[in-house]
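First subunit A sits with subunit B, and in the next complex the same chain sits with subunit C.
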Partner chain A sequence: MTEPLLRIEDLAVNFDTPSGVVKAVNGVHLSIYPGQTLGVVGESGCGKSVSALSTLQLVPTPPGCYERGKIWWSAKGEPPVDLLTQTEKQMQSIRGNDIAMIFQEPMTSLNPVYTVGEQILEAILLHQAVGRAQAIEIAVTALEDVGIADARSRLKTYPHQLSGGMRQRVMIAMALACQPKLLLADEPTTALDVTIQAQILELLRELQIKRGMSIMLITHDLGVVAQNADVVAVMYAGRVVEYGSVHDVFDRPQHPYTRGLFDSMPRLGEEKHRLRTIEGNVPDPGNLPSGCPFHPRCRDWQEDVQCAQAVPPLQEVFPRHWAACWHGTGCDQGNASLADIPPVSTTA
Partner chain B sequence: MQKVRRSNWKTGSLGWMTLVVIVGACVVTLPWSLDRYDVQDYEQVFQSPGQLYWLGSDELGRSLGWRCLLGGAISMGIGLAAAGISVGLGVVWGATAGYLGGRVDAVMMRIVDILYGLPYILLVVLLNLALTPAFTRLIGMVFSEDTARHVAGLVTLLVAIGGVSWLTLARVIRGQVLSLREQPFLEAARACGIGPVRTFWFHLLPNLVGPTIVYGTLSVPGAVLAESFLSFLGIGVQPPLPSWGNLAAQGTAQLANLGLPGTVVRWWLLLWPCVLLGATLMALNFFGDRLRDKLDPKTR
Partner chain C sequence: MLTYIFRRLALMLPTLVGVTAVVFFIMALAPGGFGGSVLNEQGSQNEGEESRRIREYFNRRYGLDQPAIIQYGRWLNQVSPVGFLTSSQIQFTHEQLAEAQTAIDADPLFGSLKGRPGHMLALAEMLAKYQDISPLEATRLLNDALGEASAGENLLKEINPEVEIKSPLTAKTTAALLLLELAGRQRILFARPAVKMPDLGQSLRGRRVTQLLGEAVPITLLLNLITIPIIYSIALVTGILAARYRGRAFDIISGFIMLGLWCLPVIWVGVMLIGYFANTQYWKFFPTDGLHALEADTMRFLPSFGPEGFERGWLLDAAWHLALPILCLTYGGFAVLSKLTRGSILDNISCDYVRTVRAKGVSEHTVLFRHVLRNSLLPLITVSASILPALFVGSVVVENIFSIPGMGKLGVEAAFMKDREVVMGTTLLGGLLGLASELLRDICYAAADPRVSYE
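== the complex of A and B ==
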């Protein structure tokens, strides 16, 4: 099996707030392989975005602080480097060039005082050794690639002249202009309406196949994950609680939280009944419950199991399907070894 | 809403036109007014406005018309230059404090608070005292001693006014930067690999152009008024150089023994400089307000 492009190992990020230390990310393991889409799902505040931002060292420090962990980045043919130990200067040449990021709010992610063209050109000129004329050609191609008609004259428009979907396309064009190997998409379609959302996701899929890049797709929409991701990581309270290929996780969810998520989703063609909810609220990340952070809301919680005492490690419950639960249904079937080693991918 | 906007437009264009007429007249006539502002004619003292002197003459028989024109040029020049200094200093100071944040921000803004707390006349007088000799020596290297003394006085004055009036602008700009700093496009710029220095100059500062122009324009009348006020008090532009402020002061002095039997009311000495100053200040304010409506996205 090939080396992962990006491997996050036991990442923990804290935020120092006036009301105490908030553990936003608390021991995350993730790997992304070349050409693969990793879907990261979870509720607001479960650490999805912070994990992605950490990859580019974009978490503001202070108040943020990289408590522990490694983020191994292995570009083609080179030994892996830990992105968390890179200097700001080194990170600047990685950001936008090797790893690009697109954000949730296309309406405000473009600088209102510059034309679209100027902003794309800036990114190109920064990372590629090309002249201005050549950069304009690259920018035009990039805009055409994201399906913007009449790209050459669009270069001269200002962000406020474009609709939300168009702006997100521009953001994608900008992110992809330098041919990054990994795209971090932080809820790229949340602010868009459903038809545009489908178009943007379709576009990302096409571009991924064309360029063979990897995508880390952060979302809270399970439907988006089902359609677009190869591998899915379900996060809860700063940890990955379930991890496996989309088919495995969707067919036989192992963690009670994942099952709760599926139960709370309406399905087409199914008899109408009241949807089941997950009781309670997301725990305050500044004051996590003892043991498994999910146990106070867990339907399967039994007093006799060690749920309230110790944090369950991510275990391989089925081959290449991991879950962090003390009494996962598959526990006895799989090789219940502790996953000290970071989980590896299902398929390449 | 429509109505409010239209009336705004009218006062805006009225301000604009008044400004062009007065400033244009003062600037275009500079070559002549510089020549004649100090020509004295003892046969013609205290002439009321008429054929010989359109705006009357003063106690030394100098033409008030020429003195008002040159005074206007000096007042506006000092006002503009002082506003320029205050904009430059205020933007750099406020933007730096807001962008760096944290302890640097706290220290920089406390300095502003302290300066804010000091009486501003005192600061101007102190700056005046401290800077005049240095400027005189500096300018004396190029010009004759007499010219140097005059020019140094003016330069000191505008530096002093500018050096005091940047405080408000620094606060305004810092506030703008604090809200801009949280905008996603700055994070997006970082995520593109753009360094913090470049982000500051090319992504943050251009977004401040609107508010800066508006507050800059609105600080011009403040500076003109400050100059006139200081000149009125006698610590501003020094005679024989005129400014609207010291012209008005001289006019007031002539009214000192008003009411005593046999005194003549020489109203023109006070009226013209005051009317010109008032009209210009109002025009500048209207113009600035109009500009704010145009450029400020919140009122657009």
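== the complex of A and C ==
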């Protein structure tokens, strides 16, 4: 089995706020294999974005703080390096070069006072040993790759002159100009309308196939995950609660939270007057409930089980399908070690 | 963009009229009116003969005996580059004057008033200007007026309907009265619309206002040209550093010091500085007032060693005199700017686009200077436009404390004297500067921020 490109082990990130320590990420395990798309789903504030930002050491410190954990990055067949221990200088050569990131708000994610061209060129000139003229050619190609017509003249436009969809395309072009191996897409389509959303996702899929890169697709839209991801990680309150291939997780969701998410989605051809919701609210990350953070909202919660006492570990309930619940319903495969969790392959 | 600038320039005109009108009418309607303090210098209740004469002269010169609204109209006409010529603006050629002189020389009547041939020509010229006729015609008119008492009386009445004629007119008294009535009298010649040089008029003391401004403006400009770069460089550097090390010692200490300095009133600080640093009984480090030492004109430009040892030279002398006033003008100025820079940088540093830039692998230094600072400076443009007029006003206090003959001192002294033309001159210049800096700010904005466009 190939090495994962990126393996996040027991990552915990805290934020020091005036009202106390907020555990934004609290023991996340993830891995992404080459060419794979990992969909990370969860509500706002569940730690999806912070996990991705930690990968690039972009969590603002202070107030943020990498409490524990390792983020192993193994590119070019070299032994894996822990990205959290890299110096700022080393990170700068990784950011935008090996790992690129695109963000949720294309409206505000580009610097308003520089042209699109200047902003793309900045990344290219930083990471590639090319002259300006050559860099312009690369930028033009990058813009053409993301489907922007008349790319050469678009280089001279300012972000405010472009529509939201165009700006997100520019963001993608900028992120992909240096041929990264991993693209962290932090809710890339949330701020866009549905047709543009579909176009952007389609574009990402095409580029992924063309370049064989991996994508970590962060979203709160299960539909987006179903269509685009190979593997899905469901996050809740700073932890991964369910993990497996898209087929497995969508066919037989194991965690009550995942089931709740599916229940709250309308299905085609099904007549429902009212969608079923998950009762209660997301717990305050500064004040998590004891035991399983989901237990106060859980439909399956019973007094006698240790839900309120201990945090359930991520267990392999079916082959290559993990869930963190004391009510593990599948075949108990024993205790999979946390360290090698979870080698879900893309070629499933 | 050009259309926008033209529109703005066109809008400046009514604004300027409004600004000057407010100042004009406040002065005109204030007790005592224009020049009041000069006339009642002795504080006498009853107007003496001398005061009456001066007042009559001022009435003629400035038209003070007319309603305020007409006075303002006259002033507007005077400063406007497009308007009607006034009688004093008419210039005669040498030939015209020579013609009149020949006519005066040939006439026995003027000969009888001998001893004052030059006065006769001057009188003819004044009359010609006032009546808007040629000097030759004026000599004929003068000839009639001097030759026949009733003609002389008519002419006097025409110039001043309220003139009192007590004794029967002789040629000599008619000439004297005409000279008195015409001296300084101006009339707008509505028959002569023209494009002319704007005229700021004459101060109460008799000097041209343009001349006064010409002397005062360079001094204030010098002060501001030294002050503004100091303020800006200190403010920008400390603002950037404070934002960079937010919450650390530098941020807190610099913020504390600046706020403290900002709270000290200039009036108090200026007096204290003189009291300690310029007082002969304390440390006589700096001069108390003025821009130069008395002997500055004889100094060399640069410092040098002469026969009597070290000579500080003109340049160092000026710097030595400017040190305290510049200190006063700068010390409080950078607090606001520095805080603004810091706040603006912090606002921008948490923006989404900065995260994007970091995610590209750009170094922290480049993030700050190329991306954040560029965006942070935009609000500073707004503030900098108000700094220019503010320094003009601020220097009023400093110039008065240190007796520097700049714009501030000129304006304040003119206001005390109720010297209409000087006050209006400084108002007009200040208004123009303020409006121009606002226009400049908006143009800078369009240049600095691609999102701003005036198309």
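The rule is simple: the second predicted complex is superposed on the first by the 329 of 348 C-alpha atoms of A that agree within 3 Å, B and C clash if a C-alpha of one lies under 4 Å from a C-alpha of the other, contacts with A are read in each partner's own complex, and residues count from 1 in each chain.
One rule holds for everything that comes next: contacts are C-beta pairs under 8 Å (C-beta built on N, C-alpha and C of every residue); 3 or more make two chains touch, one makes a residue touch a chain.
Since this is a predicted model, take the numbers as computed values, not measurements.
Aligning the two structures on subunit A places subunit B and subunit C in clashing positions.
Legend: residue contacts after superposition of the two complexes on their common chain; A:117 is shown touching neither subunit B nor subunit C. Within the superposed three-chain model, A:171 lies in touch with subunit B and with subunit C [touch as defined at top]. Look at A:158: by the touch rule set out above, it reaches subunit C but stays clear of subunit B.
In the superposition on chain A, A:42 makes contact with neither subunit B nor subunit C.
In the superposition on chain A, A:97 contacts both subunit B and subunit C. In the superposed pair of complexes, A:256 makes contact with neither subunit B nor subunit C. Of the two partner chains, neither subunit B nor subunit C is touched by A:293.
With the complexes overlaid on chain A C-alpha atoms, the stretch of subunit C that clashes with subunit B is 202-210, out of 130-138, 202-210 or 274-282. Judged by the document's definition of touching, subunit A residues 56, 58, 88, 91-97, 100-101, 103, 105, 108-114, 122-123, 126-127, 171, 174-175 lie at the interface with subunit B and also at the interface with subunit C. On the subunit A side of its complex with subunit B, the touching residues are 56, 58, 62, 88, 91-97, 100-101, 103-105, 108-114, 122-123, 126-127, 171, 174-175.
Those residues of subunit A lying in contact with subunit C across their complex are 56, 58, 60, 88, 91-97, 100-101, 103, 105, 108-115, 122-123, 126-127, 158, 160, 171, 174-175.
Across the complex, subunit A is touched by residues 350-353, 355-364, 371, 374-375, 448-451 of subunit C. Residues 102, 183-185, 187-195, 202-203, 206-207, 209 of subunit B touch subunit A in their complex.
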